[in-house]
Amino acid sequence: MSGTAKPMTGNDPILEIRDVDKAFGGVQALDRIGFALEKASITGLIGPNGAGKTTLFNVITGILAPDAGDIRFAGQSIENLEVHQRVALGIARTFQNVELFESMTALENILVGLYTRTRAGMIQSMLRLPRTRQEEARARDQAMELLNFVGLRDYAGRKSGDLPFGWQRMLEVARAMAAQPRLLLLDEPAAGLNMSETGHLGELIKEIRSQGITILLVEHDMSLTMSISDLIVVLDQGRKIAEGPPRAVQEDEAVMAAYLGKKANPTND
Amino acid sequence: MLRIRNLKCFYSRIMAVKGVSLSVNPGEIICLIGANGAGKTTLLSAVCGLLADWSGQIDFEKKSIKGLEPPAIVRAGISLVPEGRQIFAPLSVFDNLRLGAYTMYKKKAHAAVQQDLESVMELFPILRQRQRQPAGTLSGGEQQMLAIARALMARPRLLLLDEPSMGLAPMVVEKILEVISLLRSRGLTIVLVEQNALAALEVSDRGYVFETGAVVLQGEAGELLADKDVKRAYLGKDYGDFYDAG
Amino acid sequence: ANPAAGADSGKNPMKIGGIFSVTGPASFLGDPEKKSMELAIEEINAAGGVDGRMLEAVIYDTEGDPSKAVMAAGKLINKDQVTAIVGPSRTPTTLAVVPMVERAGLPFVSCAAGNKIVEPIKPWVFKTAQSDIQAVASIYAHLEKQGIDRIGTLTVANSFGESGREQLIEQAGDFGITVVRSESFGAGDTDMTSQLTKIRQEKPGAIICWGTNPGPAVVAKNVEQLGLDIPLYQSHGVASPKFIELAGDSAEGILLPTGKILVADLLPDDDPQKQVLTDYIDAYENKYDETVSGFGGYAYDAVYLLARAMAGTGGDKAKIRENLENIREHVGISGVFSFSQTDHNGLDPSAFVMVRITDGKWQLVK
Amino acid sequence: MDDKYLPAIYTAFALGIAFLGWRIDNAYYLQLLIFIGLNTLLALSLNMLMGYAGQISLGHAAFYGIGAYVTAILTTTYQVPPLLALPAAVGAAMVIAWIVGMPTLRLSGYYLGMGTLGFGMIVHIVLREWGSLTGGASGFVGIPPLKIGPVSFASSKSYFFLVWAVVLAMIILCRRIIDSRVGRALCAIHDGEKAAAAVGVNTRRLKLQVFVLSAGIAALAGFLYAHLIFFISPGSFGFMASIKIVTMVVIGGMASIWGALFGASLLTLLPEWLHAFSEFEMVIYGLILMVVMIFMPRGLTRGLVDIYERYRKTHDRQ
Amino acid sequence: MQELLQYLFSGMTNGAVYAVIALGFSMLYSSTDLINFAHGEFVMLGALCMVSLTAGAGLALVPAFFVTVAAVAAAGMLFERLAIRPVRHPEPIVLIIITVGASIFLRGTGMLIWGKDAHSMPPFLDIAPIDIAGARLLAQSVWILVIVTALAAGLHLFYKKTLTGKAMTACAVNKKGAWIVGIPFKWMVLLAFGLSTGLGAVAGASIAPITMSSYDMGTILGLKGFCGAMLGGLGSLWGAILGGFLLGILEAMGVGFVSSGFKDATAFLLLLLVLYVRPQGILGTAEIKRF
């Protein structure tokens, strides 16, 4: 499932965000945001509700066009690429409000996730040549593997909309992984998971990183974010107010005031 | 205040709640915890009338609510903050709040509504700032605050909260837990479904632990916090092989 | 094959199929047609049938839809095994079933106006409704007498209006008439003042409207509304008392060609059709308790023509067809029919008379 | 229905067709079955677009009409052999679908319905008004019977086999698409278009592709229709015809290949049965539509399954 | 100039009719998220009831008008109660097909009651056409204009100012949400159907004097009204009015400057172009959907 073939240099940024602006009417959702993600790292993106985190995800994935600024992926500007092209390049995501294809089974959801990594078009599907069949069989194997990876193997045939909320989130992670991303954007993956499930998710995310995939994580559960992130970026009202390793950010006055609150020491419970 | 006996809930052929009994006393905060898919949301849906396909007994203030539809239940004094928020996206934040008080308006309690509007916006100042904005454009957390505020607008006596902290910043979670305690001190009874069991149990009086549609454990919040199994399954990092259990 | 069949055939009824748009947009045609067909068959049976055999009607509704007409024709031919078919009410439905009856070899008498039906001649296909050719000719003859030579036309956007417009344009030259403007309207339109305004710009001497109710009534009202002070001609498509009711005061002075049925009581006693017409009107109005329209006669004539052609054939379709083609001087509701190898409509312009609406009544125009 | 039973089902289907063709001689019943076949093609075509991809079309009869008129004009006016007219008819519909689809498919929901409805109306009006080419409102006469090489399809029976062979072929093709990468992506678009794009599906292109495919199948039905009744008129391809196709799809069951067959059968046969009620036909027809939808909102195919499930549920609980 | 004015008048006459009908569509949509394909048939019922009550039963105009509207609204509510509410998992398309069934049913019923012929009735007030610079407008058209404006203003106030109006909107956008805050969802839908079909009846009753009424008049009127509603933007009341008038005027101009045969095609073409530029209709708001 590994996305990167090149050797990891460690300091070569996979994603660079430069001076990105986005406003909705009077609300300045993103205000000259800029930071970079290192390959195979986990970056936690935190900030109060309405800080602009999801908006930034939408801008990176191409769902929203930024008012200004530039986004470079693997050294290349992706400004003019459409949403699906960015996925093909290797940017996959999950959604804060869970956007599964509800009438489809868990397995089918993953298979759709494999869309950019398979080829068969309409004509090939009609003809169903041996090559198409092989591709289909391979896709199914991969999809089952991914379901197994997030622990949903036994629910492959269940309609995704009927799954409990937490499992839906895991399914979304698996679906995003199916795109064989180089960069994975996770929008509050732990919301709705209980603590033990959250812990499991943390392990999963680390394992994904170990495959060389870069992760940008939005998560309000500090026990998770602080414990697995290599770097934390903090937004508030569209502005970046802090950036640094978890320890430093936790002690940052501005961050405490805007986001963490007084008894912010969640890592040691 | 609320008494549930041998409740079984169905989604066509699937039985999602398998004979649950619980009770809530006036002025209590009750916490329901449990893994994903354990049936907590389903139980709340049955209580507030959204789910009609159940058997057993649900009594609110000694009266059965069987066959009642949500509007009647809201009028009886139960409000729900649902999973997924269910706000009215194209309507303004302000209108969402006013509609929360729909039953109050129907009781001609305009002055009370005015008061409540003030007090919920006091509780969540961001809502005041965003009054005129279509609710659908709020950020996730802002929407969650709106959903809670809207439920309060009906002046319920029993408030059902389905994962109110989901997606909220730590500060806001704290705030909401505070609010919950505050509301209780004003005489509100609360049923709280939470994944953040640690925090939830801290503000609760008693708790029930759900697993695959049944109550497997119940007790004082403090006892549960100390319970080894609960700790292992819902609080600690030792998540073991949860998925086999689920 | 069965020798008993021959003996029995004296009692077996002969089936005639009917396909009409009993419901749907052309129900004002199909409904009286269906009723008239039933009436005609009842009368013929009461008079002893054809060669002692009773007639039986099998009638289906097309709703004005060609596909449904085809299904109905297929059912009549193959399932009910009828001897002959009295045809659909409209041109498209008729044209849709023509290939079937041609292939099946079945006498077929349509009730629709379109000239395409019998032009070119198809062996098995006949029709009883007057063609637009004659209607246009009557109007143009009248215009010529008035000395009007510039006209505007306003036709409904369906087969009836289209075929009317074609004839209006085609025959104009023969009468020294110029069509200065041709406009059309939708069958369900509620206001035609735009079209009339556009026609008015060309300052025509008369306006000819071609359509079936209720559109032409709206046109009549709009002409009055705009204060257009030129004669308005309508087609035989509105030839029923309904039109006067709908157009109300605006109907005053409108001219149109119609079969004689509308003015049966005004006809001179020596008119060959007078007797047939009054009998039909009485019978129809007695049986159905509603005023007769100008359209049911198409089916009534068709049944009588078929009955006449069936006599002595024992149900042999080819013979019926041949007899039909040789009918001369059959006095019917829509005119006096004389079919021939080159004419499967069998009517001449005398089938029409021009009428004017005066004081809410039809009046013969000489 | 599981993949592995499909060959058996197809075989059974083919045998069923052969059996019916062998047993039925009455041209009326054959004709009825032919119409069911044509309507199945139409329902199938729209089901791909509406049932699977979730893109409503209220103007689908336009493609049906284009298929019919192109072959009519080519084979009659220009004496082109039907075998060449077929690709032209289907191709023309597909090209038009491609051109129209590009802007129209950007619309969604009722607006897409409106866009396709408008397109359908425009086609209808053009067919009606362009008299010199199409024969105008009175219709186009004299379409020749279908003859492909030495094989003539003039008899009802041969046409029956032709139409149903085409239906079976199209069912197989559509089914294959559904069960493929493309089919899944279509369903994903149905469930959430933006989400599908965010997962990497080129939604715009895929929607256009399925629209074009759907137009092609509808045009094929139109081609067969023209050579079946030898006469066509614009009235058969208007708004009501489009609505009827939508009704067939929904009554049969959205997103179900066999639903298309059920829906087409019911809506073809129903009027035939209701003839007996004459004046009351419309009232009863409307009532039946309503009642079926009220009690089987997921269409006939799943409606029966649902009823069974409901029975099982009450049964299981005892 | 006189011509242009006359086209405009003609367009306004038709447009006003389309506008009232569009209003009914839009109103129902904004309260239930549903398009009622039988709406045209309710217009037909309104027209024919009006004709029967005045010309047939000899009732005076004003009572006849109110009886008509009340009767048709009651029929609409009955329809909701019997055919819409019982549907178990109402997907929009299923409800649409039910309304298509209803339209056929109502047309059939109309035919059984009023027969296949068209009917007419005199205008509300017997006044000569109004002459402005040589162009003429029927007094009845002015009536319709007045009625449209009054209705739109009334509905606008209802939706923007009253709680019931807001509650209706809430029902359309989120049924579950509406339910849990205590809005009597079913009653709201019933009310919405009553209002919307009542509007249909108003349209029918006011056009009966200009046009001829028959059992099958509903289809085309419904279609045009639907287009008007879409053009203006579903759910927007002023949009419906604007859309209706625009459609009427486009048609009239289409007759005047293109060709009467292609007038509908011209109108539809422009409508498509508008939708391509503004996929949510002129005054409609784009669906709010964010991730």
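In this document, chain identifiers A, B, C, D and E correspond to the written order of the chains, with residue numbering beginning at 1 in each.
Going forward, a residue touches a chain if its C-beta (ideal position, glycine included) is under 8 Å from a C-beta of that chain, and two chains touch if they have at least 3 such contacts.
As the structure is a prediction and not an experimental result, all values here were calculated from the model.
Between subunit B and subunit D, the least number of touching-chain steps is 1. Chain centre most remote from that of subunit B: C (centre = mean of CA atoms).
Each chain gets a centre from the mean of its Cα atoms; for subunit A and subunit C, those two points are 74 Å apart. Subunit A and subunit D, compared by their mean Cα positions, are separated by 42 Å. Centre to centre, using the average C-alpha position, subunit A and subunit E are separated by 48 Å.
Subunit C and subunit E have Cα centroids lying 36 Å from one another. The set of subunit A residues touching two or more other chains comprises 54, 63, 95-97, 99. In subunit B, the positions touching at least two other chains are 137.
Residue positions of subunit E touching 2 or more other chains: 108, 111, 219, 261, 264, 289-291. For subunit B in complex with subunit A, the residues that touch the partner chain are 11, 33-38, 41, 83-84, 126, 133, 137-142, 144-145, 163, 166-174, 195-198, 232-240, 242-243. Those residues of subunit A that touch subunit B in the complex are listed here as 24, 27, 46-51, 54, 96-97, 151, 162-167, 188, 191-197, 199-200, 220, 222, 259-261, 263-264, 266, 269.
Residues 61, 63, 82-84, 87-88, 92-93, 95, 99-104, 108, 111-116, 118-122, 124-126, 128, 132, 135-136, 139, 175-176, 179 of subunit A are the ones touching subunit D in the complex. Only residues 173, 176-177, 179-185, 187-188, 190-192, 194-203, 209-210, 213 of subunit D touch subunit A when the two sit together in their complex. Interface residues of subunit C, counted against subunit D in their complex, comprise 22-23, 60-61, 64-68, 70-71, 74-75, 77-79, 91-92, 95-96, 98-100, 114, 116, 157-159, 161-163.
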